[in-house]
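What follows is chain A paired twice: with chain B in the first complex and chain C in the second.
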Partner chain A sequence: MTMRARLIRLWRWVTWTWSPASEREASTAIVENLWLHWFPAKVAEASFSWSYSLWLGAISAFLFLILTVTGVLLMFFYVPSTQQAYWSIKDIHYVVGFGWLLRNQHRWAAHLMVLVVFLHMLRVFFTGAYRAQRSANWLVGVILLLLTLFLSFTGYLLPWDQLAFWAVTVGTNIAKEAPLVGAALRFILLGGTEIGQSTLVRFYVLHVFVLPAAVLALFAYHMWRVRRDGGMAVTDPASAGVDEPREASPVAGKTYSLFGVTPGTSLETRAAGPFGDEAATFSAPHLLRRLMLVFLAVFTLTIVLSLISGAPLEEPANATLTPNPAKAPWYFLWLQELVAITTLRLGGLTLSGGLIGGILVPGILLAAGVAWPFLDRSPLRTVGRWFPRERRLQNTVLCIIAFIMLVLVLIGMLMRGPYWQLYWPWQAWPEMPRRL
Partner chain B sequence: MSARRFTWNRDFWPLLIASTASFVVVMIVAYHEYTPEWRHYTLAFRSYLTGRGAYDAAAAVPDNVQQIWLPELDRVDRCISCHVNYDGSISTLPDLPPLYRPHPDLPYMAKHPFPSFGCTACHGGQGYALDAAGAHGLVEHWDDPLLTTKLAGEYGLTRAQLMEIKCNTCHRSDDSTPGTDSINMAKEIFERKHCTSCHGLQGGGGLAASDLTYDGDLDPEYLDFSNVEGPKTTLNWQVQHFKSPQQVIKRSGMPNYKLNDEQARGMALLMLSWTRISFPPQYVPAARRRPAVVQPVVREVPYPPNATTPLGQQGRYVFTNRGCNSCHRVGGGKLIGPDLEGVTHRRNDRWLQSWLKDPAAVVAKDPELQTWSHEFGDIIMPNQNLDDKEIDALIAYMKEFPESAPPTPAAAPQ
Partner chain C sequence: MSLTPASQPAQPERRRFLQWIGQWSVVAAIVTQLGGVVRAFVPRVLYEPSKKFKLGKPSEYPEGVTFVPMHRLFVARERNQFHVISATCTHLGCTVEWKDKLAEFQCPCHGSKFKADGLPFAGPAPRPLEWYPLSVSGDGFLVVDSGKSVPPTYRFAIA
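Moving on to the complex of A and B:
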């Protein structure tokens, strides 16, 4: 055999599963590749629709991947000590090779992930993909959303600058307002009564290990669950207008039992959608190509954003000087606005805005979100469709809630100045005095 | 859905565009990373030297980040990534462009070598940064800007004078440091005017006014600028405050020492130099001290005498609480103001009432008091903004003082 032929054979041996040369190879590729058997051998063509899912779930997964890679690299340089954290970030930005990129990209991916996860949740709700067997996955998704927010919150403290210190002050003071457990919750979060070294270490451990591990575990279940629940909702037979799923006839093949492989009929999910050769597509290479496209787009976007705008770093944290105004991270700004709005002073009494705006309102929203799959009464045939008439009321309500949250966030970001006074975005704030 | 060929190239064009786009942005990132600002300056220096035929020098210009790492001073100075020839080790050619000139060899440089002191300890700026704006501290969220002639000019100072703030941060225990003329003058004024009679300092001093030990760390956001003209900076606030305390702080009990502009600026520099800074013992400069001069310090003054009547006790409370005993002793001689023992035998009630209400008005009507105040550093007692009840209580208290001979003008403080 010539050298060229050997090289080609070597190349094929390494890469055949990613670009299978025949349908048979495509089927076995999934099973014979560690990474690829994450996916089913075939996926419904309907799942590829851009307009159905906007591929938001995949986007958030890739953002998490970017966060993990940039995060691990940042971990080689960041020091979680109140004396050194701020300066280690200065060094990362100025001196570490591509450090500026790592930091900016990490920050942008974090903000985008919070946004995309939220949008993904909205999409799943609007398409009714939380009904029946998918309610378990919806609950897992809600937990993943909370984990994402908590990951972002713990990461926010790590630069140990004024922005970080006081944003976490605002957040943990809202947590303190929870009834019965509030004070204890704040104590556990802070590792004491004040934000200090114990808080920093605690948030660091949560941020780099505990929470990512929890996300990975739940994400794995979340993905497996999609397959177990019969794929994406848009592929459900009911939504495709097929009243009875076509029973696939058993195919002679392998059956995987607990202790080995026994000859017999192949495994098939009986509740599958109208899978025929027409509606199914091999995951290798088609799903892989699509995922590669999504990844490249997400990657390019985070890099472009990193080039345009850097991660902020304000003055070193100073417990004796509160910035005026002190703002929570943007995804909690709607909560801070609610807290400010519901804090009412009537004579000598103060109505606790922290409890109402910070605990009760989000608590009710969360409870409603968790309970909704079990309260929903719309017909199953509307699952997997955007804004069907039968779910119009609940979808409208969620639209309104999301819009209010958006407005509150924008007000908090653009229109709140010193002493939480309202300023138009073009209105100048009072000049801040300097030392020299 | 119609059947598709197995080998159909799904997403061909989008994938091509996305791949190209990601490649392009990665190239832009690499360009950004490998063309930092400082490199522009070092390469320019190389070509400059080559142009003048100094090939060995050109080869000696480094092509990487340079820094002076000072763990003991808790800082790192990367100024020398651009100012590569700071120590003249690359080139000593005359007429080099300003960026590449070596640091001037000043008399005290031998005692402040670069490897031990770096740059920002004396010049200010952000040593961590590697871009010009960031390194010169002319950015948001960095409050230690490079001390330039332009910045000094905003306050009517020279750059050397502004830098005296930095000198005195370490040399504060000197009575007088060679090379810091403004600060030396300010220290002499500080001593002469007995500032520590009211202000606390380094564990001693008075209790009637703020502690000045770390006055330079006072955050500008805590200062009231509503009656301060000019830039909203701590330095400007201090200058205005020294020129006229009552103008800046409406009800200030601090006397107006009638300092001229130069003196007020010097005092402001002194205040800004008193900051928290810690360094290991080898950095502590040998203090240049004159033999100690005993200063009148309020904490060593005995408490004013007790009162027996209820109104007198109220008056004693006012006397200590409003800081009268920071300036007046009762027996024991003059302090800042005259000894008040037996004062009610020298002045009648009406006079005392009008004095305590508005000393300046009384002095304006009685020229003899003007000459008398020469003995007290030309200072008239500042209006303490007392109300009538406090004045009555004080007078009742002062009536309980033991009688004594009138204080002679030549009486010196103990």
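Moving on to the complex of A and C:
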């Protein structure tokens, strides 16, 4: 096969589940229905389970929706200028009617999204749902996790208070430690050598447009890919005991009108999975109803949390005074701990903690995450089950890694006081000056 | 392919070549444009404060170490000998503080400690604090060039 033919085949494999026999068939399939790609006509009953998926993917999608809506509303009041950013946030919080609610909800949804996307990833790992044809979607998921973190980080700078300024100072100095490209990367990210107006505008545009657009595009692909790969792993024949990888392919015969309301029958949809039509249920209304329920729960949770606890706003950003202690956002605290303890001195050679803890360790974890679907040799019949015996070793290793990260985050959050000294959570810190 | 005409073109080679030119000129146009976009994000002019700036007159600084918050540096004086040390931590860029009793610099972010000459002795900082050269302006002010660095043996004497 020539290189060109290979590339075309790869392209088809990435973008097509089935090739239309005629131009007409292709157009018909796409144009007939507005909701074409929204839900499959029928969904296997196994994938409705609350306890299998914990609906973590749906929850993160709804958090993204809440973030988009509250974010757009906040954009009406926020001014991305070093002179006005802080005061516009203060206005949002104390002057704009219910502005505090918008801001708190945005903050809480952002924290929860980082948490839930991470838990979603753990769930997919523990149930082995990244194997065979699903490895592509696992990679998309890894990128979505990184985008979520970067979205959170860019949003962190926008209030332009001490918390924002110093978290981003530390974060971008970690980027600087990257070999060869680090300094150039920081220069382009900041739009200069120090954090200033160009940094604020760059972070703002990334935060409100570029990154959300990227998340939206990948999210669409992520969802489409779930269907292309034969639905959720729990519905696989492999998890029912058929021990061979299955390339998802259209099952002949069944045609449904989507939602049961359009009269056309020219659109061929895939039958409901290996357990047959009897084990499947119409998406509308059954899937729709559950999704609405999950959305309601997520929305209520963000509102309740916003009423209990508000987003912080410290003194305006001050480049001459580092707050003591200065901390990264909680989801980067494990990195901050690593950065602080991994500076190595070998003879005359010193390796910065920024390089080891900030770049190498997370880089290795990321590389392992990307490569794992292709290294995993556990039997495919374990796919779609929680903690199967055959996957005990790798599940234990991931549990330990996640536990270490959790412990480091808790130490950074609760126990690090001034000058990076350790204090018990109930111990008082010495008084530190907050202004010069 | 339904788009291929039934009759063979007279010169298929030429047709394929023109097609090739067409496709790759589109690719070339996009790549060139992208190059321009990337260039736009590398600033040509930095509206940042000059790396060379005036401090106060030498007589304004007392014996010992004085923090100059505006420029994030310390002015150290021993009689008529001056030197200047950067307050930017070499670990991840927080501002270090001078502890007079201990005669050392401490960083609040990750707990690095430096001796009075800027040499790190505890915590994660990988390099000594920067030293900058001094001069005196015509009107008698100390001038720092933070774009250059000097070794910790450097002393600037005021006559």
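Please note the rule applied: the second predicted complex is superposed on the first by the 353 of 436 C-alpha atoms of A that agree within 3 Å, B and C clash if a C-alpha of one lies under 4 Å from a C-alpha of the other, contacts with A are read in each partner's own complex, and residues count from 1 in each chain.
By definition in this document, a residue touches a chain if its C-beta (ideal position, glycine included) is under 8 Å from a C-beta of that chain, and two chains touch if they have at least 3 such contacts.
Bear in mind that the values here come from a model prediction, so they are computed numbers and not experimental data.
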| item | value |
| --- | --- |
| Which of chain B and chain C A:A319 touches, first, second, both or neither | second |
| Which superposed partner A:L375 touches (first chain B, second chain C, both, neither) | neither |
| Chain B versus chain C as contact partner of A:Q421, first or second or both or neither | second |
| Which of chain B and chain C A:G192 touches, first, second, both or neither | second |
| Chain B versus chain C as contact partner of A:L180, first or second or both or neither | neither |
| Partner chain(s) touched by A:V14 [first = chain B, second = chain C, both, neither] | neither |
| Which superposed partner A:I308 touches (first chain B, second chain C, both, neither) | neither |
| On chain A, the residue positions that both chain B and chain C contact, one per complex | 22-23, 320-321, 324, 432, 436 |
| Contacting residues of chain A [partner chain B, same complex] | 22-23, 26, 45, 48, 87, 90-91, 94-95, 97-98, 100-101, 161-162, 277-279, 281-282, 285-286, 289-290, 292-293, 296-297, 299-300, 303-304, 306-307, 313-315, 318, 320-321, 324, 431-436 |
| Chain C residues touching chain A - in the complex, by the definition given at the top | 2, 41-43, 46, 48, 69-70, 72, 91-95, 97, 106-111, 123-127 |
| For the chain B and chain A complex, residues of the former touching the latter | 1-4, 6, 9-11, 14-15, 18-19, 21-22, 25-26, 28-29, 32-33, 65, 67, 76, 78, 128-130, 134, 140-145, 147, 151, 162, 219-221, 223, 225, 232-235, 237, 272 |
| Chain C partner contacts - residues on chain A that touch it in the complex | 22-23, 166, 169-170, 173-174, 187-188, 191-194, 196, 198, 319-326, 336, 339-343, 350-354, 418-421, 432, 436 |
